[in-house]
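Chain IDs A, B, C and D follow the sequence of writing; residue 1 opens each chain.
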Amino acid sequence: MIIILSPEATENDLQELIGNLKERGYGVHVSKGVEKTIVGAIGAPDEDKAVIAEQIESFRYVERVVPILKPYKLVGREFHPDKTVINAGGVEIGGSKVVVMAGPCCVESEQQTLETAAAVKSAGATILRGGAFKPSTSPYSFQGLGEDGLKILAKAREATGLPFITEVMDARDVELIARYSDILQIGTRNMANFPLLREVGETRKPVMLKRGMSSTIEEWLQAAEYIAGRGNYSIMLCERGIRTFETFTRNTFDISAIPAVGMLSHLPIVADPSHGTGKWQLVSAVSRAAIAAGADALIVEVHPHPEKALKDGAQSLRPDKFQQLMNEVGSVAAAVGRSV
Amino acid sequence: MIIILSPEATENDLQELIGNLKERGYGVHVSKGVEKTIVGAIGAPDEDKAVIAEQIESFRYVERVVPILKPYKLVGREFHPDKTVINAGGVEIGGSKVVVMAGPCCVESEQQTLETAAAVKSAGATILRGGAFKPSTSPYSFQGLGEDGLKILAKAREATGLPFITEVMDARDVELIARYSDILQIGTRNMANFPLLREVGETRKPVMLKRGMSSTIEEWLQAAEYIAGRGNYSIMLCERGIRTFETFTRNTFDISAIPAVGMLSHLPIVADPSHGTGKWQLVSAVSRAAIAAGADALIVEVHPHPEKALKDGAQSLRPDKFQQLMNEVGSVAAAVGRSV
Amino acid sequence: MIIILSPEATENDLQELIGNLKERGYGVHVSKGVEKTIVGAIGAPDEDKAVIAEQIESFRYVERVVPILKPYKLVGREFHPDKTVINAGGVEIGGSKVVVMAGPCCVESEQQTLETAAAVKSAGATILRGGAFKPSTSPYSFQGLGEDGLKILAKAREATGLPFITEVMDARDVELIARYSDILQIGTRNMANFPLLREVGETRKPVMLKRGMSSTIEEWLQAAEYIAGRGNYSIMLCERGIRTFETFTRNTFDISAIPAVGMLSHLPIVADPSHGTGKWQLVSAVSRAAIAAGADALIVEVHPHPEKALKDGAQSLRPDKFQQLMNEVGSVAAAVGRSV
Amino acid sequence: MIIILSPEATENDLQELIGNLKERGYGVHVSKGVEKTIVGAIGAPDEDKAVIAEQIESFRYVERVVPILKPYKLVGREFHPDKTVINAGGVEIGGSKVVVMAGPCCVESEQQTLETAAAVKSAGATILRGGAFKPSTSPYSFQGLGEDGLKILAKAREATGLPFITEVMDARDVELIARYSDILQIGTRNMANFPLLREVGETRKPVMLKRGMSSTIEEWLQAAEYIAGRGNYSIMLCERGIRTFETFTRNTFDISAIPAVGMLSHLPIVADPSHGTGKWQLVSAVSRAAIAAGADALIVEVHPHPEKALKDGAQSLRPDKFQQLMNEVGSVAAAVGRSV
């Protein structure tokens, strides 16, 4: 931790600060410049650094505190240079093959789900996606079929051989959903729902952690650290767009987050171009871009009849458009030395 | 709902759309301009408007859908013009008196809590705040004392007569916390935690709903609608700053949200200048501003020793600075025809 | 400047860095922690710090560079603790009296301008505002009357005794506008138009520098530094709202910027609640808030007939509403020890 | 234009509005729903729609006005479906070949420029970039060599055969720079510098218009409309990242803007991954992504010695890394049916 003193700090203030830091077990280095004095505090590794930084910042003669260490050790790349590969129902994520997860936003009926599962499988997807418990901004919107939806997804898995991913919104549902599902999805609104993170951390199911719509990359990695801290290391991160001032798209897909996560963490990275754009017309282009930038997987909303979808109709692809996306993505994957 | 067609839409497309809308029970009006055709769809009030809008937007010849009705009826002002006044442990929020809630970010110990409670009471606060269950971005930070914290808050209430507000983060804790607390706080990270909203909606305790750090005012009102939809109308909204590109402050306090909520909703509005700024030096100025803009209450972090606080030290006021804030706020409240 | 090395930096890298820094004239302090090495570089005050920081950051074994000194010396408070008071056409800005500037967005005609000037004067405004050269997002919108507009403003000044402020968008117009106007306004789109900043810096006219709609407070102060660097110290800063994800308001008025500028700079601060909200219904509340937070002045759009205004009709107040605003603002100013 | 009335609007209000609209030459359609009345106003195509919308919005009984037509006709795709191909010094931009522009942020010396020009040419770039007039947030930073820089760029063109692009910041410099340069660049800070846009619109030089760092796609297209409105149709748009809350990258590169511009406009689209990320480690990944998403060109900062660069060292590639980028981009271009 580096501490920058205010110009009005006196010699007494400096001595008080040094005493305080030494009491906490820090080694202290002082550098006096022409205009500013800076104090480096090193060591004391077992205490809570964020808290201490805030305490020091409350000193009246302290201008600013700059932390030095990254606040995520388990999911960070510094101490775990090798990329993690996750096995989800027999499909590997994070290896050389690019994985495509596809399916409807919501499970609406058995027929719709089976029809979509067959279509995405035939186009080349290897994991089925579908929501049974749905978050919805409006209390008056469709909230999902619940356990009946899970049963339909399990049927679709039986029929097609595709493992499936589905969202868990409530810590109380983790056990139930983990019984059915191959991957647990944490949605963007729950990235900082810490009780839920701890609960999925207690399972040994793979987890896909979506980035909070206003979370920095660092906060996202700290959320993954919550899960890893409970012993579950099978975590993939999913970039799904962040909230900005632009309104033409539903979110702004942060393409740089893909190589940035690759720099900072050993976890696989998934791209969600459907929520990332909110417009079916842009989904293929952003899918190609994500693979070109190094994403390990895609998760794409596909619906046989978007005009009747109970949610996200405007961003869902029809099966024929999805087939075209798969072809395009295959070419781009080959160009970056991978396959689909 | 108003539907704007793409320039390439044909007469057949238009007829198909009209048929589709009539089947759903809408009355339809068509206006053909020189360059664009627009279709108004009126009625069909019992269905889910947001879903239908998304479905219609997925039509290939539709450029844009514009919704007309506000998606929050219970908490909106259109059908409930009178301001709501909430009684929380004997203190009225939303009436002519401005209410100040104050106390430490976290309950750390009995002594710290009792000392702070006595100090804020003597300065004029009428509700005590304090966290027992704490959300924390880092898994390595202090997470609160849990039920022991609630017991300490209850003791402080007994000692001072101040009712208290505390945060609930987990739907499984609602019953426990509601047994102790006078007001249930939903934090910014949980504004869109719908299972939690439903659970507090089932209680009859007053709820303070903080704005999500990247939520629009409209989404915030829809979150309140979740609570009201379960029969709990004792909701106050709390502006605590939104996330923007500015880094000098921890968040950007959206002062316009205060009169905006007053225009759109009948619920009382609370301002949190501590999280809204993240810097103790700015708390008084933003408190004065919030009251001048029409806030019904403030919630302020106070700690007897910010340099030892387990959380939020940098934004906590010492008791003497809080006393000064109360004096300043009192003058401003009087200037806008209210009292503290 | 503090330099944090990557974990993979070797002893050789460190020695190379030290050599490089010493060659540039820096004093160097090294602190080796358990996991990271940090290097403090002190001195060498005459070179360009921002450039050197970027160069050092490009070293492959450097993780991050943290600058220490604030990049604005002339407008910063550290070396000029006393608040600046500006005299603009006989009106003092930055003193104990709160100043209100008011008038139409655009000068549309002599009659409209004279009528508005008389109205705002009678309500208590002491400076007239009005645009003769107008920036407009659409090339098809009204672009202002140009020099004819300046002549009308000068007539209004003669008629009412109110000095006036008007915007300059083009470095080539500075001399012309400075001949007529009492204050030169730099608009939000031109905050980082450096040739224009230099040009107004060459005049000795008071300048009101609006914050760029996506500028941090630090960048804004650096823009002011451009003007001061040319010898013109009569600068006032104007907070007019920043761009965020919220769409209910046109911009998000950053109320914290008012006390923050007071902490960081000695320049007077003006609030523009008209652009800050974009909605006439919110203008009074945000005006009161700005004064309560410590603003030295307001700039408010007033139009006798908003429904016929050539620009900004939706955010302009009618004279009767403006009178009411003046009354409210007067009470709040008194509550914070000032007058209007 | 569609007008949504407030619930409290009376029949008289409605009649007044209809009268007002008819007077302006509009055809009017009224739709009365159960809870809201909406009014469609069609026609009157020659007036200023944005202004009228604002005037109507200022009516006290109007809740909201929704514009229908896109505010950019010349650069929009609706009336010009064919993609524009620009010829800049013999290089075609917007055709099937992907163009790479590369070079230093600033022209610092003849040697540095010639060395870089030779290196980027040998790696396959076909246009040289380099700044002679530089915008700089700090007044104390390097501001460019001015006309001497242009002369050096011209020498580099002579030596390598590469046409060059350079930035123009000041309307007074347009003529000078147009005499030397093959493409005029408008930087992000000047996207809404309307006098400058008009001035480059008067030339017949190709213009590259960077997106404002907080501009929506629609505002960006309107800025291009300013240039086209003066008769210069050789405009390319450059996505260079927008400002968001994320701080790990310098800007957030909006990958969706690339296909979005393709939907909305016929102009070629260029990607700037150097400013879009601010980190040399991310430049290749974002370059590949941009080409995969459909970009027509890249503009990349290359410096032989980033650790000595006078600007943007942290985001500049060394020639060997740039060569690697070219190889990677070539593969991705082939995968989407283009070549480099």
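Quick note on the criterion: a contact is a pair of C-beta atoms (placed from the backbone, for glycine too) under 8 Å apart; a residue touches a chain by one contact, two chains touch by 3 or more.
No experiment lies behind these values; they were computed from the predicted model shown.
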Higher-contact pair (C-beta pairs counted), A-D versus A-C: A-D
Equivalent interface to B-C, taken from A-D, A-B or C-D so that over half of the residue contact pairs match: A-D
Distance from the mean Cα position of chain D to that of chain C, given in whole angstrom: 25
Rounded Å distance between chain A and chain C, as computed from the means of their C-alpha atoms: 38
Distance between the centres, which are taken as Cα means, of chain D and chain A, whole angstrom: 30
Contacts with 2+ other chains: residues of chain D: 214, 243-245, 247
Chain C residues touching chain A - in the complex, by the definition given at the top: 2, 4, 7, 27, 29, 31-36, 38, 40, 42-43, 45, 66, 68-69, 78, 243-245, 247
Chain B partner contacts - residues on chain A that touch it in the complex: 20, 48-51, 54-59, 71, 135-143, 169-172, 189-190, 192-195, 213-214, 219, 222, 225-226, 229, 243, 280, 306-314, 316
Interface residues, chain B side, partner chain C - complex: 214, 216-218, 242, 244-249, 252-260, 263, 276-277, 281-282, 285-286, 288-294, 328, 331-332, 334-336
